[in-house]
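Remarks on the structure that follows.
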Amino acid sequence: MLTAVYPGSFDPVTAGHLDVIARAARTFDELVVAVGKNGGKAPFFTVEERVEMLREVCAPWPCVRVDAFEGMLVEYARECKAQVVVKGLRAVSDFEYEFQMALANRRLAPDVETLFMMTSAEHLYLSSSLVKEIARLGGEISSLVPPPVERRLRDRLRPQ
Amino acid sequence: MLTAVYPGSFDPVTAGHLDVIARAARTFDELVVAVGKNGGKAPFFTVEERVEMLREVCAPWPCVRVDAFEGMLVEYARECKAQVVVKGLRAVSDFEYEFQMALANRRLAPDVETLFMMTSAEHLYLSSSLVKEIARLGGEISSLVPPPVERRLRDRLRPQ
Amino acid sequence: MLTAVYPGSFDPVTAGHLDVIARAARTFDELVVAVGKNGGKAPFFTVEERVEMLREVCAPWPCVRVDAFEGMLVEYARECKAQVVVKGLRAVSDFEYEFQMALANRRLAPDVETLFMMTSAEHLYLSSSLVKEIARLGGEISSLVPPPVERRLRDRLRPQ
Amino acid sequence: MLTAVYPGSFDPVTAGHLDVIARAARTFDELVVAVGKNGGKAPFFTVEERVEMLREVCAPWPCVRVDAFEGMLVEYARECKAQVVVKGLRAVSDFEYEFQMALANRRLAPDVETLFMMTSAEHLYLSSSLVKEIARLGGEISSLVPPPVERRLRDRLRPQ
Amino acid sequence: MLTAVYPGSFDPVTAGHLDVIARAARTFDELVVAVGKNGGKAPFFTVEERVEMLREVCAPWPCVRVDAFEGMLVEYARECKAQVVVKGLRAVSDFEYEFQMALANRRLAPDVETLFMMTSAEHLYLSSSLVKEIARLGGEISSLVPPPVERRLRDRLRPQ
Amino acid sequence: MLTAVYPGSFDPVTAGHLDVIARAARTFDELVVAVGKNGGKAPFFTVEERVEMLREVCAPWPCVRVDAFEGMLVEYARECKAQVVVKGLRAVSDFEYEFQMALANRRLAPDVETLFMMTSAEHLYLSSSLVKEIARLGGEISSLVPPPVERRLRDRLRPQ
């Protein structure tokens, strides 16, 4: 059985993330979508909220499990008995950073393989920060995030 | 069962290719190493020689099968009942080309997923052309290619 | 009146080129789509065939004129009384080459400005060579080129 | 009439920005140089100071108007009745970011076209942050910014 | 006599930095490893600690001197009577930033030449931030930094 | 004594090459400008002509010697007793290729260090092929190559 971990901050999950999840769910026997707790930056949604939104949008895939993790990714992957870490690549700048992380992780855990998927063309420009910026400025985000995320983003940004 | 195709011209197979093969053989249930016959450029070794060398060096992995193919890669992958195409990435220029090919292949065959593996750090600079160039200039290639390839390269380049 | 030249080899024109033409036709008063005759490589279609196909597919835009040119692009732009050269950008490798050409052209003709448009996301992976390769291998190209180009590609590649 | 918006933080305007303004002023009928108010980072000069400096240095071009804006760039461009957004490109890292922004803006407002100009070779290394860093360290900045900006930078950084 | 300055924040010095120092020490008559005091970010080790660790690990090379500096790098290089500034390059993103800095420094001080060395393949993924991140998460860092740095990192991160 | 080899095809030498030579001549005790004989492509000038033009334009620097070489660059550097190979970098695409060559050469000859210099901003877009293309199309090349090269290019391209 081939198990893969798809790590990220998912703050929030976008249509681009969902596209990677859909394709990874079809490729691997089990997929763990894992929200990292380490992020230095002040998050927009709490880890709990992010996990909840992911669970809602990943419900259609029985082989997908949503979780949160702390500490080193490769340790977490081993705990999950995952042989594979999946990452999405959008652009050259992603590539360089991910390249360095993949080489570092391979040194730390040669038994965990990092595999990259290209983001689909129509989501190339998408990122969680872009979504939040457009939402803050009042722009239309319905094609950029799944409905449960759109609803929460609007709730959170609604003037009190 | 997860079957992957690892396509290339392998003219000849290098230590960098072998590193990708070793890791892919550990990750997938079955791996087809597939020598493409389309290449426009005049090859150094014939398709038959390339397949023969690959068979010799891939013998240690029972799940690896070596083959040659003609026509479109995604059609070949479907014939092999492979869900996955594996490619190695070394550098930004690889990335851009592979990115375009992956998007094109996804459009032609959405059911075949392209997955990328990073080449290991010590083989980053390696390519089949570099190996041939060094061999032609009389340089040391024993750490760059497996022994059966080194032997044949020397035979071929020996002054008659 | 703002006149722009959109130069290229257009061997053949693809859906990506058409997307740039459509947007440039909306932006400038007059657009000259100009097939370069200098290309060192053996072309697939003759200059005349390429101009003919372009004229067919550009017919909907009255402000678009199709032409062929020889010699230096900036000289040709001046003959057309064009203040602007338009180029499409797809990827980092395009960017570097185009950057060098734009700096060289600016030195040769500071009065002609090079403006770049991003290719739309769904055509990012498209190039004339990719279209020809897919057509040669018998793949489906109807979404990659306009119908008159598809017809001619099939005619040309049909086994005699 | 072709109207273009050239947005930025201009904190402060540099010789590189001025080079883009000069060339855009020659290309378009009207050019709006627009200082964005959204920037998350603590600015060095206030929006008012930045607008004032821009007005001083843009005085030679009658077709250039300086303004400040809040909210989404494409909304602002529509308010200005601008068909075009102009951006300067210096390097690959610029390119990737601008590429993603251009694709996102095109989705939000397909009627507003983003056009890119290459920064001239002698200003390739220039950025507002670099200017401020050199000024802070007491270096010579007279060839990097126009005189009104140099004067204000010195005033602001003079030990009290 | 050819004197080179190798500047950086060295927070802390890694095996990758040491590799550059070893090769630069062999190439130049005198090498000044210079810790910059300007860095805007909150450092992990003080300038004094960083200098101390560097002195410890650079002891084997008699031609290497460790120092700290403030203000502009090119001014400091002139004070050291250094004709050369040495930088290590790891990746495309490094390259672009260093390219801009080298062009800016050449304008400020045409008599000081910036020379670049490629980081060795096995240290490509290494950076001071990565080392600190792995150490914080409790990972193994003994092959990433020299022993005196490993000891101090562990001391600093040990729960009190 | 520090000796450097600056290898290339120099077909022909451009103002950009001369800029690297001038700066390397100031930095190293001895500089060998070395024309490679291996190039697969059909050259425009013979090796003898290229050496002759280089000798003419390098005459002002007594420490510069012009030579031609065959075989592996690192072997040639050792024959010259050079500790250093100097290369000019213009752009990201240069960087990637040179990066791979530098890593390969380091493996073949760890005692020969590759050092990179950034090309000056005004020559960023310059290459021997661009010069030849502009000359063929009848463009102005007097600021792109030194006078002896301009004369020969015109002679060679003059219609008989």
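Letters are used for the chains, namely A, B, C, D, E and F, taken in the order the chains are written, and counting of residues starts over at 1 for each.
The working rule: a residue touches a chain if its C-beta (ideal position, glycine included) is under 8 Å from a C-beta of that chain, and two chains touch if they have at least 3 such contacts.
Since the structure is predicted, the reported quantities are computational estimates derived from the model, not experimental observations.
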| Chains touching both chain B and chain F | C, E
| request: Give the pair among A-B, B-C or B-E whose set of contact pairs overlaps with that of B-F by over half, matching residues by number. | output: B-C
| Label of the chain whose CA centroid is most distant from the centroid of chain E | C
| request: Express in whole angstrom the distance between the two chain centres, defined as the mean CA positions of chain B and chain D. | output: 48
| query | What is the distance, in whole Å, between the centres of chain D and chain E, each centre taken as the mean of its C-alpha atoms? | reply | 34
| field | Interchain centroid distance [CA atoms averaged], chain A/chain C, Å | value | 38
| said: For chain C versus chain D, what separation do you get between their C-alpha means, in angstrom? | reply: 31
| message | Residues touching two or more other chains, restricted to chain A: which are they? | response | 92-93, 96, 99, 102-103, 121, 124-125
| Which of the chains are touching one another, listed as pairs? | A-B, A-C, A-D, A-E, B-C, B-E, B-F, C-D, C-F, D-E, D-F, E-F
| How about chain D: which of its residues touch chain F in the complex? | 92, 121-122, 124-125
| Where on chain D does chain A make contact in their complex? | 38, 71-72, 75, 92-93, 96, 99-104, 107-108
| remark: The residues of chain E that touch chain A in their complex are 90-93, 124-127, 130, 134, 137-140, 143
| query | Within the complex, which stretch of chain C touches chain D? | reply | 2, 23, 26-28, 83-84, 89, 92, 95-96, 99, 102-103, 106, 113-118, 120-121
